[in-house]
Structure formats: C-alpha cells, structure tokens
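So, here's a batch of structures to check.
Presented sequentially are two complexes of chain A, the first with chain B as partner and the second with chain C.
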Partner chain A sequence: MIRTRPKEQGDQAPPRTLTHRVLTARQTRLGLIMMLVMIVFALAGPFFAPHSPTAVLAKPYADPGDGLVLGADSLGRDILSRILSGGANLTWMAFAATFIGVTLGTTIGLVAAFKGGIVEALLMRLVDIMLTFPTIIMAILFISMVGPSRVILVVLVAIGLTPGMARVMRGAARPVMRREHVMWARTIGLSSRHILMREVLPSVTSPLMVEIGLRLMWSVVGLASLSFLGFGVQPPASDWGLMVSENKDGLAIQPLAVIIPAVCVALFTIGGNLFAEGAARVIGRTEGTRS
Partner chain B sequence: MKAVEVTGLTVTLDDGSVIANDVSFSLDTGQVMGLVGESGSGKSTVGLALLGFAKSGANITGGKVVVGGVDLLALGPKELREARKKLIGFVPQDPATALNPAMRIGTQLTEGLLGGKKENLPRIRKVLEDVGLPSDDAFLRRHPQELSGGQQQRVAIAMAVAKGPKLIVFDEPTTGLDVSTQARVLEMVAGLCCDNGMAAVFVSHDLAVVGTVGDLVTVMYAGQILETGSREEVLLSAAHPYSIALLESVPSTRQRLPLVAIPGRAPAAGAKFEGCVFADRCAFVEDRCREAAPEMVTTSTGSQARCIRVEHVLQNQKLLVKEPLHHTENKGGDRQAVLSVRNLNASYNRTQVLYDLSFDVAPGECLAVVGESGSGKTTMSRCLIGLHEEQTGDFEMDGKPLPSRLRDRPKAVKQQMQYVFQNPYGSLNPRETVATAVTVPLRHFYGERGKAARTKAQEALERVEIPWRLADRYPAELSGGQRQRVAIARALACNPSLLICDEVTSGLDVSVQASVVELLRTLQDDGLSMVFITHNLAVVRSIGDQVVVLSKGRVVESGAVESVLTDPQHPYTQGLLADTLEVDRSDAETSDLTG
Partner chain C sequence: MAIETTTAIAVKAAPPRRRSRKATLAWQIGVRVLMGLVTLWCISVIVFVATQAMPGDVAKIILGPSATSEQVAQMNENLGLNQPLISQYWDWLSNVLTGNMGDSLVSGQPVSELLSERIFNSATLTVIAMVLILPLSLLVGLIAAVFRDKFVDRSYLGASLVVTATPDFVLGSLVIALFGTVVFKVLPPVSLIPPGEAPWEHPRQLIMPLAVMTVVGVTYLSRLVRVSFIDVLESEYVQLATIKGLSTRRILFRHALPNALAPSIPAASIMAAYTIAGSVVIEYLFAYPGIGSALVDSVAGHDLPMIQAIIMLMATAFFCFNQLADVLGTLNKSR
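This part shows the complex of A and B:
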C-alpha cells in the first residue's frame, strides 16, 4: 500500500556469473588460498613426513639437528612429522561435522520459517532446549561415558552446531517468506520442496555462507579444544590440538612444538572466515537494490 | 539580483561518470521551480547540490550555486554550514525518517534556529499555523510517530521554513502521500513560498505535481536540463521531443487516451554520449543530432530547449494530438461472470479491514479497484488469490463455487487465476534467469520441459515484448519495466483466464507505466479478464471497464468507469477525483493555486 518511488532503472552490473564474481574478489581469493593451502597441507602432510609420527627418535625437547628439522617433542618424537600428520583427522572431522550441522540446522530453520504456526513453535523450542546445553561439557560427558570415537566426536560437534544454525537460518528465511516471488510460488501451488529449495534457499545464501565459514571455524576450534583436553584424538596418534597440550610444559625450551600447531589451527580458521565473509559481501552486492 | 543563480553545475561520481552535467537556471524571490525527470535523471542530485552537498561517492566538480549573493561552492566547510543554516531549507522525501522519533515536535522545530527555545516559540507557532497545523502546547509536546504522514510532512516543511531561508529544496515531498493529502500540501507549499519571499526548487517525478506547484518547469534527462520555461510554455507547448514524449505517457482522469511509451530504455546514471542524450529514443532524430551535444536554444514559445530541431518539432507536434479511445460498454454482455465475489469480509490481526464486498468480473473486462492507502485494496486482492487467511465470503469462478483458502483450491483454478505483484523487484526470484522464471509454471502446470518449454516461454516473452536475448539474464540486470513485463509473461505462460494486477505500475516511471498499461490493454483485447488494483484514478480511466471505489474497507461506489469518473455520485469519489492532479494541456485553470 505504500507508494514506492520509482527506483533506479539503469543498467546494472555486467552479466557475469556469481561464482566468477565471488572468486575474483580480493578477500575471498585470499581466504580461499589460505584455506586450500591448509587443507592440502593437512591432507597431504602425512605422505611427506620424514619419520613416523609416533617413533621416539631423540631426547625429549631436543634441539633441531640429527635429521630432526624442528627438533623433538615432549617424548622425543619428530615435531615436523607430527605436525605434518596432525591435521588430516582434524580436517575431515571438521568438514564432516560442519556439513552435518549446517544441513540439519538449515533444514530445521527453513522448515520452521516456511510452516509457521505450531510447527515453527515446536521446532524452535526444541532448538532452544538444545541451546541450553553447553556443547563442550556435554561432549566431554558423553565421551567419558562411551569412550572416544571419531564418529561420535563428529556427531557431537554437529549437534552443537545445529541450534545456532537453525536460529540464524530461520531469521534469514522469515523475511524471504514474505517476498512476492515466494507468494507467487504459493499462488500457483508449487510444492513446498520446490519453494524451499528454489525460491528460499538461494535467497539466503549470503547468511548461509557466513555461517558455514563461522561454523567450520568453530568446529576446527572445538575439535582442537577437545583434543587439547584429551577427549579427541587419543595419543600416541598425532593431532594439532593434542600437540599443544602435550608440549605446553616445554614451551620455554621448545616453543615450536606448541606455536606451529596453534598457528596451523589459526590459519585454517582465519582463511575459512575470510572466504565466507568476502563471499557474503559479494553476493549481497550482486543481489543489489532490493530493500 | 536573482534570489538563486546556478551556473554550469556539474556532479561527477568517483569513477568519473557525470551524473549532472552543466545545469544552469535562476530563480526570482518567491518563484517555485518544478524539477521533473524520471529515475536516474539526476534531479535529486541537483536538488542536493543546491545545498552544496553530494552523496558519498559523488562530488560537485564544477559550477556556481549563488543563493542570496553567496556562492556556496566557493565556501569552506565551516562557512558552508553557516550559509546552509541561514540561506537554505531542505525537505526530504520521507518525513517518517526525516524527523527524529525521540524528539518532541517543539524541540525539533526550534533545533535549527538561532537562540533558545523560549524566544523562538512565537515564531514556531506562526509557522505551524502557516502550514496548517495546530500550534498549541499540546501539539508541540507530541512525538513524530503520533502524527499522520501528511502532518509529519507539514512539520518537516515547517522546520525548513522556520528560519526564513532564501531557498527551499523539496525532494519529492508528496510521493508517499495520498492524493487528497498531496493536494493540500502542494497548495500550502505554493502559498508559503509566495508569502515569505522564498525561492523554491521542487523535485518530483510527477508532471502533474510539478505543473501544479511550479511557476517554472525544468525537465531533466540523463543529468542534463533538456527544457526549461514557464509552466505554460513547457506543459502546453513543449518544445523538446523528450518533454512531449513524457507528456504523452501521462494518463488522464478525464479522457481515455492511448498512452505512448518512450521507446528504448532510460540511460544508466553516468552513461556517456557523443551527441544529444535523447537521440537514441527520439522520434525526431536525424544524423546531425548524434554529432555534437546540442546547446540550449530559446524557442519561439519562450522556453529554452536543448534541441537543434526545436522549431521543426514545435511545428509538427500538433500531429501528435491524440484521439481519445472509446469505452466499449458492457463487453461481457450477459455472459456468466468469470469471478463473482459475495459478502467478502476480512480481518487483519482480528481487526476487520473489509466489510461485505460484492462484485463481479465479466469475461474480457477489466475491473479496476481503486482506493487510497489503508482502504484495504491489497488485502482484497490477496483474498481473491487465497493468500489471506482471515476471511469469509463466497467466491464463484465460472459459476462454480471457489474455496477461499489457497490450499483447498484445485490446481486448475491456480492455473486460471494469476497474480502480478506490485513490486517488480521482489516478484522475480533474484537467483533465477528470466527463462527459468517463465518455464517453471509451464513445467508445473503442463509438464513441459526442455525445448518445448523454451519455445512456449519465448512466445510468452514475445507477447510482452521482451526479446529472447534477455532470457538468460537475471532480474537484477533488467530495468523495472522489463521485470514487470517478465512477471506478466510468467503469468501469461500459465494461460490464465483472470489476471489480478496489484498496483503493477505504481513503482514505475510514467513512460514505463504507459508501456505496461498499453500491454495490459492489448492482452485484454485478446479476451483476458482482469482485476486491476490501483490508487491512481488516471490509470483506472486508461484501462478499466468497470470500477469499484474502496474506502475504509467498504465499496462506496461502483459502476462503469465512464459514468463513475465523469459523474461520481458518492462524496468520497468526488473528493478523490477533485484532488487528483492533472497535467493540464488544454487550459491553465489551476493557476489560482500558485497565485
């Protein structure tokens, strides 16, 4: 009923594909490169390790030398080999947890926003209940009951991601539900699945991208923290989080054994975050003038 | 000395594109200049530049703005602020956001004045009376949100007038207001400037508004002034082809005229031109128009126009006078109504907004539903399509009862009844190409896929004059008019028998509106029935066969468009018609307004 003033009707940005625009923005490119380098490093690392990551080769906290490029850790194992093989688990587990958590959360959020009424109320209260449990403590509790298992770890982190994800996606989807193109889809009787997948989901990709970046970072940090606390990957296997915890007592003598794994975790998360945020910005710009 | 003198004003974007080019005009004390143009013409840019201000990303790169003997553009930041304080008032488009919601009206009005609140009170009361508002203490203690839109706009105007500036810039101040409020505000603005000896620049996209309020009318296009002169010169004997084309596209409440859209599409802000900026869309274009940018020339009627063929245009424009179209009465005959509505009641959050609406849509006819904001017209259209939940009433389609809720309606009904939304920016999925938008319903209703679907989509797009080469574009890459056409094509692809159009032209420029109205009229000639919801009586005249006038959720008058608009019976319709401004091309009977 509000009379809208005629808006800009001139030429808009030249027709390039969205993916192209996302990949050419400086920030996303930087983030993407950082993330890819870390993923390649983590996944290919084990094959380049000069020694076995579990073999005791020198005195604890030995200085670099004798074939150990970075020296030895608290038990006299090669730091370089442990770093190279300590990221693979973390990477696949973080991606798996993020994928499960994001999919679950997005589904709950979109369905809640679409259905409204009682369905929305029930789903969102369920999510609120999930939110009240402190994830890390729940994970610790659960793992101490059933014992550490990578699959359970992934599932637990995914469940930790779900409620926040659901809330954000419901919030993002609600205004989209009121948009005319969604109403149009309802007037001609398109299926709920078509409306959610084709009309709504593509319109919430910018918050989705940001969330994926943030949740990925969150699961990397979460998994590394659980390892650090001793509830993740179990010794003697190598893991960045675990390395920080194993070597923290020797921080003054052999700082590299703590700093490098911590920096690896940091680079991974910062890269993911830069990419997600940059992508969201580009997408937001492309969607253009809509208020 | 002139009150306001602008010479060679140029505004450039950071990337070097020029959005206002060599703008010059002058105003005497008490004169109002209407600055009219379509979206992207640079009219608001010029309005702001008169304050020595440019939006972020834009810079004033040349020219002079002399107000009351002071060249604003030559001043430093501090002096410029002082000069703005004393010399210039500004009234923005949306009063709801222009007024501070946390501040009382009295405080807000005295804020910009020298001296304390106490000593300024008598002056404030006087100004409030001038703008037609109460001036008692109770009113001064109110907050902006306790006022109606019209009152808010009056307060914003009072704020600008209170300090007694030499120049007031109005940036589309009546665009969001209803016609009756708009008429009151315009009347007040004209009187106010004259009485207080202020010059005013009134920026608007609406020719009728500018024609009512302005002593002078200036037409802008692509950042340039194309024609400027007195109201009579420009509106009655326009000399520039663009002014003529713009006037041709304005609908009238008095006659059913064929509307002529301007071919082509408005240039983007900052587009570069070799010769005349309008050459690509001009009906009078010849080769030398494209060679060099034309200079301003004084025409034989007294106005100034930027056109080298101006005398030729003036001699030939009589040819363009149009014959009014005739209404074909009772097209539907006694055939069964496509849609009949009986006793439709609807409420919104338990407040009733529609009361006992009953009407019929005859086959092949266009039923226009007209009403001001808050009349319930959008709720009504949503009820028809089944999107509104809180409603009771009996619908019949082709004689068969029609369930009121969307989910109870059979697929065939959903295919026969199509809805086109007001906002062309929201009605298309921003992530789907034009081709996809049109093929989705084809696949849904007819199971058409692949090549067959694309052929049909192409046919539908051709009917709305969208070339197939645009099919792979995204909505963001189309203009507003093109988007609205695609939305119509998408509805047509369903092969409907009834099209419900909710304010489909209100977000569009007049020349674009003209093309959409003409398109809908041709579809109607092909036998499509239509419900056309609008607030604009002139558009009703151009397209409607029958009309229903809604006020506060009730039908106050209905009947054939011809008879209702020629001889309205209900006082509400009479008032609405009287307040609807016209671009008067025959005589100047509105001149008493501006004095």
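This part shows the complex of A and C:
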C-alpha cells in the first residue's frame, strides 16, 4: 500500500498498517471510546440498579425522593433502575445481529466476487431483491406473526443488514481477485475456502471495519426503534426504546424518563457513526479517494 | 500474465453484445421492471403466508370468547378459512388487486374505507416533507460544497454525522421535549387530526413531525448533493470556466448545478421510499392518524385484513420509489 502522507503529528513511531492507522485516528478513537462506555454502562448497569426495574415503588411520575434518585416512571417504577437495566438486551442483540449480518453479507459478497459468472449474477440479483424489501415493515410483519421473540428480532435485523454488506464487500473484493497473490493461490490449487479466508479477507479489512461500525449503528437504531414501537423487549422488562414510548405522555411532568434513555441510545449510535466515518476518512485519505 | 485461465478473467473476455445503446437501455429497464414485478409478487406471498401463521384463531377473535364451536365453524365457512391455502391466496390477491381488502376484524368496516383517510393524511405529510426536503438539500449541499473544508462545511459534516446516527424516535422525542412540553411550550406535543378534516387545517400540529422528517431527509440527501457538487467543481470544465473568468454564480448555477443534480435525482427517490418506511415511527410518536400509526394499532389488535392491506401498501410504495431510483440511475449512467 502506498502511503501518500506521512504521519502528521506526534513523536511515536509511524503506525504500520492501515488498520493501525484507522484505530489511532482521533475521530475513530473517540467513536470507539463512546461505544465502549455505552457498552460497559449497558452491560454492567443491571448490577448497579438500586431497585428492581419492574417493582412498583411509588405513585406514577412521582418526584425524586424516598430512595428514588430520578423519581418514578408512568407506572411508578424507579427510573434510574430502569435506565441502568434497559441497555443490556439492546447491546447484545445489536452485536448478535451485526455479527450475523456482517458474516452473511461478507460471505455472499466474497463468494460472488470469487466465483464470478452465473453465481455472481444470481447472488447479486438476490441482493437487489433483498434491498427493495423495507426492513422495518417486514420486521413488523414477522413480529406480528410470531410474537416479539428476541431471536426473531436479531435474525430480522441481521437479514436487513446482509444485502448492503454483500454489495460493499463484493465491490471491495473484485479488484483483490486480480492481485497476484490470489491468482497464484488459485493456480496452485488451494481450496476456495483457504483463498477467501487467507488471501482475500485480509485484503478487505479496511472496508470491513467501516461497514461493521455502520451496521452496528443501524442494528442499534433498528432494534431501539422496534422496541419503541412495542415490537421489541416486552413490558414489564426495561428497555431504552420502550421507556421512551412508555413515558412520552408524561414528558411534561417527568422529562428525564424520556430524555435519558433517548440520549443513551443516541450516544451509542453516534459513537458507531463516528467510528465508521472516521475510518472511512482515514482509508479514503490513504488510498487517495474522496471522503 | 500467464494465469489467463482463471474464471474471473474468462468472464471478462466474454464477447460484447451487439445492440444499439437505446435497445440495451430498454432491455436493462425491462429486466428491472420484470424483476420488480417478481419482487412484488414475493412480497404478496410473504404477507399472505405470514398473516396466516399469526397466533390466534381469526373466527374466535371476531366472535369473542363466548362463541360456540358451531359458530366458529360457521364463521370459518363464511370467511373461506376452511378452503385450501392456495385458493385462499388466490381469492385474497384478486380482491386486493381490485381494491377490495376485506373488513376490519376490530370495527367491521371495510378496510379500504378505514384506510382512505389515513392514506390521505400520510400522503399529505410525505408530500409536504418532500417539497421541503428537495430545495433545502440542494441549498445545504451547495453551501457545504462551496465552503469545502472550511468552518461551515465542517460543522455541517459534524451535525450530519450526529443526525444520521440518531434514531428518528430519539430525535422526535427530544424535539417534543424542547418545543412541546418541557422547555418552550409553543407547539402541540401530539398531532391529532380530527376525522373528516384535512391535515393542513391544523398547520400547528404538522410543524414538529414535518421538522423531524425534513431534518432527517435533508441530512441524507444534502450529503450526496455535496459530494456530487465537489466532483463537478473539481472537474476540468468548471476549472476551465474559472480560468475563462466566468463569475462564481454563473459557474455554480449554469454549469455545476445541472451536472450535480443528475446523481441526486435517484437518491431523492430512494429517500422518498425511506420516508415512507420511517413514517411508522414518526406517526406513532406524534399520534398522527396516518397508515403508519394504523399499522402499529392493527398489530396490537390482531386485525389481520388491516395488517395485510397496510403492509402491502407500504411495501409497494417503498418498492416503487426504489425501482424508480433504479431506473433513473440507469438512465443517468447511460448519458
């Protein structure tokens, strides 16, 4: 890889790989830190909740006091405890959906680029068709049919992420297929799996990083929105998206019950986007394409 | 190179088709439309099969818990539910295509009647939003491109990064908190439109949902406009025009605008599709009586014909705008 610009500042040794450069850029680091903070907050939160998130402890929308630090929500439950325990489900579901969607999409994209011909044409047609399906509407349809199971939600969001991922990875992998090391691997008869995993995949890690950041952001947005509409985590369990819709009628009396969970979701997704856009910028600068 | 036998290269070496450019274009668009019809058919099958598998016996829901088994059997007979699935699907599809979407299980009224006003409300909201989004995106994208890498552009990029990442319902509830309930109490926090009245008779109720839709739409579209403007401004002919001494305004509006506009048109169509899908969240948040909020209510009430009708409708609209974008993109490329 040709480096068009030397490292700008600092007295450390210049980063060696593109991955390293991406991970050390200021914007991506900020995005990573934001996401990390939110993940730790979401996953550790339930252990620090002072009360049960489902216990009714006061009158609806009661003011802070009586051991309730932020007051009570629409049903008289502790807002702080519900916030602390409302992110865990969202977090693991978003990661699971991103993992499945990225793996599936990358596999389709790389196989399409590798095989070419009729296989590529068929796979990409399939991707085109999937792209014209409105994910959120289809998700509502399936959830109305089988009920809001968490596994179904993760699978639906993952399927929603797959086609875009496949398209990007195929685009990234096509030029790699013409590189010498891939061609050599093909001529000496290495298995397709070996070539894709060992030769092609390491060459497309930079778009992969951008896409993982973006898809993680979209998973959180999708899952939180479905939960807001009442199709996600079911009451009385706590969830940030659900909290917003549960307490929106009491916004004038108890604004924090809506604003804090809403901001929690936003910090998570903004972190993901900061990482993705920062990574895209570093890669664009290094490879001389426009951001 | 010696490795000419690999498949990737063999494919590249396929002989070029001998067709005129126009015929190729018509062929491409024809294939896309055909694929589109297949997709629509797939959607209809999915919608039908999915709603068949919904929990709860339809006849029991209609008749209530006190119904006898004979009554349930009779109702199943009346609804045609004891016929084979394929003939049920066929009946349903032919009814849908002729505009007859059955009766709501909750209110007993025809679905088409219940939905017509809501479709009108949703369409009004979407159309006004689009009318606001298109010129604003052009303006914002143009300003950002002209001031590229300056303070204006950087703050624009920062703001768009935040808005893109924020879910619509978060943005909406923060806007409600800011203007409707907590900080300034200037706008109604819910957008209830009484039945039988047109949405524009209540302009104050529309401001907040429109504002959220517009901000989200402008953020998406103006970034594309910005990039295509930057591309055009860096192109040789614009640089030549600058060297010739043409005024900046003339260059921007006479030379750059038409060329930068072309890639934005398909994007606008895609955005219309996403505005339709996103309206579910916005309408539910503001309690706006459109088809999006009707969908959420129908799912809660297990109202099968309503769910089928709304999903078919939204999926078709989403799909048509997507398809339109595709065709426009193909036309663009061929120019």
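Just so it is clear, the second predicted complex is superposed on the first by the 250 of 291 C-alpha atoms of A that agree within 3 Å, B and C clash if a C-alpha of one lies under 4 Å from a C-alpha of the other, contacts with A are read in each partner's own complex, and residues count from 1 in each chain.
Following the convention adopted for this analysis, a contact is a pair of C-beta atoms (placed from the backbone, for glycine too) under 8 Å apart; a residue touches a chain by one contact, two chains touch by 3 or more.
Just so it is clear, the model here is predicted, and its values are computed rather than measured.
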item: Contacts of A:131 with chain B and chain C, given as first, second, both or neither; value: second
item: First (chain B), second (chain C), both or neither touched by A:116; value: second
item: Dominant contact partner of chain A by residue count, chain C or chain B; value: C
item: Partner chain in contact with A:150 - chain B first, chain C second, else both or neither; value: neither
item: Contacts of A:274 with chain B and chain C, given as first, second, both or neither; value: second
item: Partner chain(s) touched by A:183 [first = chain B, second = chain C, both, neither]; value: both
item: Chain B versus chain C as contact partner of A:231, first or second or both or neither; value: second
item: First (chain B), second (chain C), both or neither touched by A:29; value: neither
item: First, second, both or neither for A:266, with chain B first and chain C second; value: second
item: First (chain B), second (chain C), both or neither touched by A:255; value: second
item: Where chain A meets both chain C and chain B, residue numbers; value: 183-184, 186-187, 290
item: Touch list for chain B against partner chain A, complex; value: 38-40, 93, 172, 175-176, 205, 265-269, 271, 373-374, 377-378, 385-387, 406, 409, 411, 414-415, 417-419, 421-423, 425-432, 440-441, 444-445, 472-474, 476-481, 490, 494, 506-509, 512, 535
item: Complex contacts: residues of chain A adjacent to chain B; value: 1-13, 15, 179-181, 183-184, 186-190, 198-199, 202-203, 205, 286-290
item: Touching residues on chain A, where the partner in the complex is chain C; value: 114-117, 125, 128-129, 131-138, 140-147, 177-178, 183-184, 186-187, 217, 220-221, 224-225, 228-231, 241, 244-245, 248, 251-252, 255, 258-259, 262-263, 265-266, 269-270, 272-274, 277, 290
item: Complex interface listing, chain C residues touching chain A; value: 1, 3, 6-8, 10-11, 35-36, 38-39, 42-43, 46-47, 50-51, 53-55, 161-162, 164-170, 173-174, 176-177, 180-182, 189, 227, 230-231, 273, 276-278, 280-281, 284-285, 295-296, 299-300, 302, 307, 311, 314-315, 318-319, 322-323
